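The same chain A turns up in both complexes below, where it pairs with chain B and then with chain C.
So, the complex of A and B:
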């Protein structure tokens, strides 16, 4: 059972850059990319099949067909993905789109393009930690990609059992 | 009294009395006496009998029907009588013993009640009253259109009214004045005439009046001081006696009366007037007639003014409404101008920024190629340079693939290597062949080299793509603000392809079909035409909302015409919106200013018209087609159309 980070971005160069910036985590987590919403749904189906968890989605807003915000709203509505951490990585969402993402999709974070690598990595680390804490998962297998200070109490509690 | 024998207009007249018993007989007698030589009298007891009599009598002519209150409801009775046409034309005389009637509303309203006489009537008066009623009927019905005809026909019969007042009222104005003067002079002896030039005030507004002027000749106007200046209120309506109205107003003159021509007047003090009225019997009637005439004219004039006032008020209201509408339009126009000015500023700003962007873009593009060149030099000296160079070149030129394809390749590698992290590294390094991947996996040094070289190659490729994109955006931004200098022969297909590139990021998810025909070149500015296509493409893409297709068609409907059609299969534009689409500043996005949108169609039309062309839009629920018709360039200008690759 692996934690999965899904990158939803239609521009190949940008998608490639995001993947490369997160490549260091790829030996611990499952890193997946999708160029549009239908492909993202395919990825989610594959995760289910493999028994992996969708922990975090990094979505662009402007996409062909269904928009990123719409996809995040969809995720919140599905009990299986409601706890998935949701982050917009975009330069093109206007205020209204963003308000909708916060109010209707339970947006957890907003990363403006162009992003800073350190910032991106911190956001991913924090969000993954939030996911593990929220679901009460055993942090041990994922420790390298988590905020150790925050998961220590969780570790102790599990150790007490 | 003789009846004219030639026309004999009265021989067949019958007055009808509708009354029961003794009363009927007595009435009959009275009427017969009054109408002697004018009409015969018939008696019936009630309304039913009257109808029967009328129906039986054929072409009888009935000038008068006398009914008594014994008929019961007067409205109903007259309605019954009117059913027989000859009775329906008769004048109706009602004799009543009742003190009050509440059953006559209809007959009064229909003008079917001409006279009311109380019972008992004054002995001897009824006959004369009846006679005058019949004479009036004669004047109305036998006089025809020409009253003088009636006068000559029944000269002796149609006597003038008995009262001096009524007689004087029927005279002309000069005659009334003459009669008044005669009466005055009979009473007071000859009066001296006063001759006055034009402009003399004979009464003054607000001053007391203790005499009157009788105007013998000439005209006098009546003026009044008002808050808006002195107004001439009466000219035509001034009567021949000036000052008489003041007598009814505590002797203060309401007007200033001023002569407007040479006039001749006589002056009478109030005492003299009083004496004349007392001693001369005709004086009162003459003075009353003069006053009533003047008052009636003024009253009519004032009623006319009332009507004019209402009409003016209505016009004023309409005018005010028009003014309000105009003001609103003006306000809207002003807002539009401000918006346009803001847009122009935005355009200049964008052009300025675009210009500034050129330097960093140039530096970026060059830097990417220097990195490549220097790296190739480095690799030339490296022992495994050939391997690294191959990885670099492959990554630089690798065509973009879908995420689904990448996942499939990765899965294949995972199966071969049994390690997902390693599979990801291989894929990033451009190694897809499982066998080669297996070989590389065993040589960590070599793998690191290939990874690094492929990473640089991919980065350089992305740099080039990004710099190219910025360059295109800069070019399109500049085209908005700076038209090309000289028109030149242009291939429209090339400009369409340019526009597709510029608008590419807005067309994601949209299928683009091209149907370019062999068409002549057009004279124009490629940048401006490109801007037109970009606007139209972006509009079409917005309508499709990222799902649908756009079809570009070029053809030549006439040898000197090039036609470009841009068709989308979106939901179409509502008819009411279509009419305003080409107006400046109209946008279906609630006035949100967007670059290249909102003003897009207005700008497009402006640019097309500058090229001597036309733009039109057709839309229904199956989609929208914008058609642009451009004049072809002179055939001598260049070779024929270049097919677009």
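So, the complex of A and C:
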């Protein structure tokens, strides 16, 4: 039951850069990349099959076919992915798109391109922590990619055994 | 729509492992076999209890169902099979069902309830963290001294707060050090220091860790109650020596004295009226626990005082009660009920008759029991190990030239000395999850500490108890 971060980005160079910047996390979480929305849906189906959880989507907005924001709206509507953390990583979303993402997709964070590596990692750490807290998951298997200070109070509840 | 969304935010239910499915199957087979097959020398009540005991062993070892489910299952089966309300009535006068249900409100459970409420309050008002900040100050300046202070404070806290909660609190305290300490052996040593000290500290008082409660409950049901201070006198010497050894091992193995380890913690005590009331109530409770010989009020009664006082003053509320560690309390209750059943059905007498125990060297028997406790609780829950071993060991000890109290306490302490694997205790699991310590290092230190602990426990501690006149 691994946590999964899905990178949705059509430009290969940008996609690879995002994956590279998050490579440190890959031994704890599952890192997946998709080039468009149909591809992303395939990934989600694979996660379901493997019993892994879609914890966070880092989506570009401007994509061939369905847009990133539309995909995020779709995720919120589906009970299985409503709780998935949703982040736009984009430079091209105009104000209308952004407003729609906040109001209709429950956008959790906005990262403007070009991103800073440290900033990106902090956002991912915070969002994964939010996901674990919101779903009431056991934080221990994922502790290394979470914000330890925020998770420690949860660990008190484990109790002695 | 809303309902669906709520449902999916629940944590996903973990799948069952092959071990768990096997455990369930083996448990059922063993249970039914023990009920149906004639056991020589064992009459109907004892045979039914044997079936329950064997089922509990399989379920607690394999965790086929959650530990707490097995615990309440033991109580239910005792009511259905060996009480006065048994489905198939027993001859003679079996214990009333109420006696088995009463395990859930055993005096030891009430004592723990008080301990839990004080521990949760300490966290709610930040008392644990602030105390740690103040007490750590004198140890600043040298890495090894800092680790010494850290371990001493962790152990002291863990005597009154659960080992797991103590570990969480103390990790919060060392996060600033970890943030600047480069990866390497010093990190490993520091990350190991906290869970080890928390595990060891748990043996210090009756409320420090569930195995202590299980032993205490079993002793009380035999009319061999141990006072709060009495337990401390028996256990603290071992705690101090093992802690000292652990510090020596960790610092020599991992932490050079010149490791940069600066800890500047600001203590910021909550001075709200609620917090002040809490400090007074918690302080008075601990003081009353420690002075039982002076006033004679039983530790259980003292433990119930903060429950009443904190609820009456609304310093703690119903919400605080809801989040108490009820599964831990009920797990202990299951062990107590198991001990009561073994005693009430004559299963104890049958177990004694199995082997000519008196022909075995006493020391060997104790050593084997302690090693079984250590080994089993390394891979399964400490409380479940104590639930199974304490009644068994106390049964076997009858008729041997050893004090029942000594054997009960000894087994409980052995169960708490297991810390060689990440699965051994939740504090170990937390340390392992940080990624700063691997299984190998945890096993080396854990085995060394466990071995030293058990050797002291078996060969030295009974002598110390006798020479101090602590046991009759």
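Rule of thumb we're sticking to: the second predicted complex is superposed on the first by the 159 of 161 C-alpha atoms of A that agree within 3 Å, B and C clash if a C-alpha of one lies under 4 Å from a C-alpha of the other, contacts with A are read in each partner's own complex, and residues count from 1 in each chain.
Definition applied: a residue touches a chain if its C-beta (ideal position, glycine included) is under 8 Å from a C-beta of that chain, and two chains touch if they have at least 3 such contacts.
Computed from a predicted structure; not experimentally measured.
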(request) Look at where chain B and chain C land on chain A after superposing the complexes, then choose clash or fit. (result) fit
(request) Calculate the angle at chain A, using C-alpha centres, between the directions toward chain B and chain C; round to the nearest 10 degrees. (result) 150
(request) Identify the partner contact of A:42: answer first if only chain B is touched, second if only chain C is, both if each is, neither if none is. (result) first
(request) Return first, second, both or neither, reflecting whether A:156 touches chain B, chain C, both chains, or no partner chain. (result) second
(request) Based on the superposed arrangement, let me know which partner A:33 touches: chain B (first), chain C (second), both, or neither? (result) first
(request) Check the residue A:83 against both partner chains and state whether it touches chain B (first), chain C (second), both, or neither. (result) second
(message) Just to be sure I read the superposition right, which of the two partners does A:65 touch: chain B = first, chain C = second, or both, or neither?
(response) first
(message) Once chain A of both complexes is superposed, is A:17 in touch with chain B (first), chain C (second), both, or neither?
(response) first
(message) With both complexes overlaid on chain A, does A:128 touch chain B (first), chain C (second), both or neither?
(response) neither
(message) On the A-aligned overlay, A:51 touches which partner chain: chain B = first, chain C = second, or both, or neither?
(response) second
(request) Would you give the minimum C-alpha distance from chain B to chain C, in Å, for the three-chain superposition? (result) 15
(message) Quick check on the output: what are the common chain A residues between the chain B footprint and the chain C footprint?
(response) none
(request) Would you mind writing out the residues of chain A in touch with chain C in their complex? (result) 1, 51, 53, 79-80, 82-83, 134-141, 143-144, 148-149, 152-153, 155-161
(request) Would you mind writing out the residues of chain B in touch with chain A in their complex? (result) 400, 402-404, 406-407, 420-421, 424-425, 428, 455, 458, 461-462, 465-466, 508-510, 546-547
(message) Quick check: in the complex, which residue numbers of chain C touch chain A?
(response) 4-5, 7-12, 14-15, 67, 123, 162-165, 167-169, 171-172, 175, 202, 209-210, 323, 325, 327-328, 331, 381-384, 425-426, 429-430, 433-435
(message) Help me check something: in the complex, which residues belonging to chain A touch chain B?
(response) 10, 12-13, 15-17, 19-20, 23, 26-27, 30-36, 39, 42-43, 46, 62-65
